[in-house]
Amino acid sequence: MKLLSLNALTVRRGECPVVDGVTLSVGPGECVGLIGPNGAGKTSLLRGALGLLPHEGTSNLSRMAPAARALQAAFLPQGHDIAWPVSVEVLVSLGRGPHLRNDKTDAAAVTRALARMGLESYRHRTATQLSGGEQARVLIARCLAQDTPLLLADEPVAGLDPEAQIKTMQVFEGLAREGRTVVASIHDLGLAARHCTRLVMLQQGRLVADGAPREVLTDENLAKVFGVRGYHAETEDGPVFLPMGVVR
Amino acid sequence: MSVFVPSSDLIRAAVLVLFGAGAAWAEAPVPGDPAQDAAPSRVVSINLCTDQLAMLLAAPGQLISVSHLALDPLSSSMVEQAAGYVQNRGGAEQVYLMHPDLVLAGTYTATATVELLTGLGVKVVQVPPADTLAQVVDQMRVVGAALGRHAEAEAMVTRFQSDLAALAVPGDKAPAAMYYPNGYTAGAGTLSDEILTLTGFHNVAGEAGLTGGGILPLERLVMAAPKMIVTSTPYPGQSRSEEILTHPALRAVRDKAARARMSDADWVCGTPYLLNAVRGMAEARRALESTQ
Amino acid sequence: MTRALFPLMAALVGLLFFASLLVGPAALGLGESLSALFRGEGGPVVLVMQEIRLPRAVLGLLVGAALGLSGAAMQGFLRNPLAEPGLVGVSSTAALGAVLALQSGVAAAFALALPLAALAGAGVSVLLILLLAGPRGGALSLILAGIAISALAGALTSLVLNLSPNPFAAMEIVYWMMGSLADRSMEHVWLAAPFMALGMAVLLATARNLDALTLGEDAAQSLGVDLNRLRLMVVLGTAAAVGASVAVAGAVGFVGLVIPHLLRPLVGGRPSLLLPASALGGAAMLLAADIAVRVIAPDQDLKLGVLTALVGAPFFLHLIWRLRGVEA
């Protein structure tokens, strides 16, 4: 069974395609990193897949009714958008919205999500008064509380400190081990290489590589897509990748 | 021609004139001494009340223009006669171009207009509004003198006074009230108040402490339970101000009151047509007597 | 705090409702006036209580609730604390609709035309505001659109009233811009109440979706919120509630701004709780303002909007001051 299934997905801004015929399918238990330079179409791909942007081609998610989709896929948009000064607990509980209301299971899901993101002590703080990184973690917790098989996240680790970045990626890995699936756009190729089970590389809206990190982050792809060369190593803590310099 | 009435003029004419505005205005001096001048031959009136007095008193051909309000059936008792004159809207430019040798105006006519006309060398006589029946008589004489028609004015005064005396209703006073849009009413010291008293009523607004025109809250009117309520005829087009006249509470009071009358153009100015208003009230008072 | 808030506010509204029944130019005894409310026969006191003060108090309650609730709902949808039916021109266009219905004679031909025309007027401007400003929370486009719509609607209202053959109509520009509950009757209540109730019910039904919108458009949609449907509900609900209010009471400003602003911290910022709280708060504010105009100037029809603006305008400036830092 595929959790995400895109067929020739094309999203246009005006005439110009920003996502150009992407075909992709993702099954359970994967932690997929969506990589590509600025403007490659990562955000548009995620939004188009969810049906938030008009598109050509098909996406299994955009075909669903909004209420059903919300039980299938959670989405973490870019930026830390919190309009009102609600408490962390209330904000995370918004993730329970799509579910039939049940105070007991809702409270348990919120507590689980807060614990997973290490936010127990923040429960009664006002979300808008937290630092940017803290807000980002709270918003991820909201997605976890939604308790869906699939999580689409747009730059979830941008702006986090190294500890929070690693912890967040570990949470995603944990979700994948539980049989859930995470598709996250990530700029930090090192984090992507270490924590993702699979990378999808985009360039100018086209899918240029899809596979295990080591197969995607080849010197050729890096030079062609990012204009950088990188350093690879296998350590006992897992693979290491570091961009070393520009090639053009 | 449909009569379009800008609010400023009408409020001056229908509201302020109707309710009067206190002694200071009434006693304002009348400029000029018409007795020393030759009778004017081109007279323009720019005030609803002087329009009507001038039409009644002027020699044929002497009056050349009246205000457009004289054509409004809700304000003027002389719509038919007024149709025979040129209408003016009271603007200095329009009036001046008629080359008048006398302009009749109210004391509430825009002072800028009056000053401008006077500055241009046109003689303007300003007639104060009548707040009492005695001032009605004064008004007749002032307009008569301005037109050089003393004899006609005295005849009008004599007839007015004798008719008025014949219409008085002696005896017990029944509670009555004038009630107008926005809860406006006529208190003590107004022409309406004097008409009510003359025709055997006492004015509940005057007793509520109101002097001159003012607002009587609907609640107070209901509590006073008047036997007679005089309201105004609604204008075309709706206004929230007039909604109060159809308020269920007022309807209930009117249903209980023996009589409810409409005030009309005859109430507005101190002319002999005022006698029609007085006659109507006197008849209503007698009818009230017979139903009790 | 939140738990005690609703009973406390309901009690306050009840208290102000009774106070509103007891305040008036005619001095009536407490027991006498309250018993007159329930007596059948029609003495003067019964008439004053049942036909003059009761409709005024009921309309104060309903209009206040409608304005408070609409303000909270618009703020929730636009994600902007400056949204307010009066400030963004919704009340002005509702007034324009009402004035057109009255002056064209349609309202005299069939009574429902008045609230329906006001509703249509309000609907057009809410829709415009929602499309121009949208739920991205930008204050600038909201305020600019509001200024343009208010100015246009105000000018057209004045034009219609000035052209009316009725001399009193021109004097009523102030009423339509400032609002008043003086001398309203039960007929006005029956005319407006169904629309207000319907509008408020629709707005209250948006509660959960407005909560989700706290996270932004994309996140809300991914949580299953149908934005188009939500927009439609906010437009129709606000139009019905504000339109019917304005049709019978004129445009009273700032209630929908001040009340949600004051209550937001007390409900922990949640739009869903802010909706019912603002309905209660709006009712309390309008009843209090209507009591105040009768106490300050018993024999004059002091306009409600004068008082609400005196309280509300400084709030508005304060809010702009605070947002200035965020957006700059």
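First chain written, first letter: the chains are A, B and C, and each begins at residue 1.
The rule we apply is simple: a residue touches a chain if its C-beta (ideal position, glycine included) is under 8 Å from a C-beta of that chain, and two chains touch if they have at least 3 such contacts.
Small disclaimer: the values here were computed from a predicted structure and weren't measured.
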| item | value |
| --- | --- |
| Chain groups still in contact once chain B is set aside, others held in place | one piece |
| Maximum centroid distance from chain A, chain identifier (CA atoms) | B |
| For chain A paired with chain C, centre-to-centre distance based on mean C-alpha positions, whole Å | 43 |
| Computed distance of Cα centres, chain C from chain B, in Å | 41 |
| Distance from the mean Cα position of chain B to that of chain A, given in whole angstrom | 83 |
| Residues of chain B whose C-beta touches two or more other chains | none |
| Complex contacts: residues of chain C adjacent to chain A | 79, 137, 208, 211-216, 218-219, 221-226, 264-265, 268-271 |
| Chain A residues within the chain C interface of the complex | 47, 50, 52, 66-67, 69-71, 73-77, 79, 81-87, 90-91, 94-95, 97-98, 126, 139, 142, 146, 152 |
| Chain C partner contacts - residues on chain B that touch it in the complex | 2-7, 10-11, 14, 181-183, 214-215, 217-220, 222-225, 234-244, 247-249, 252-253 |
| In the complex with chain B, residue positions of chain C that touch it | 24-26, 42, 44-45, 47-48, 51-53, 102-103, 105, 107-108, 162, 164-172, 175, 183, 185-187, 298-301 |
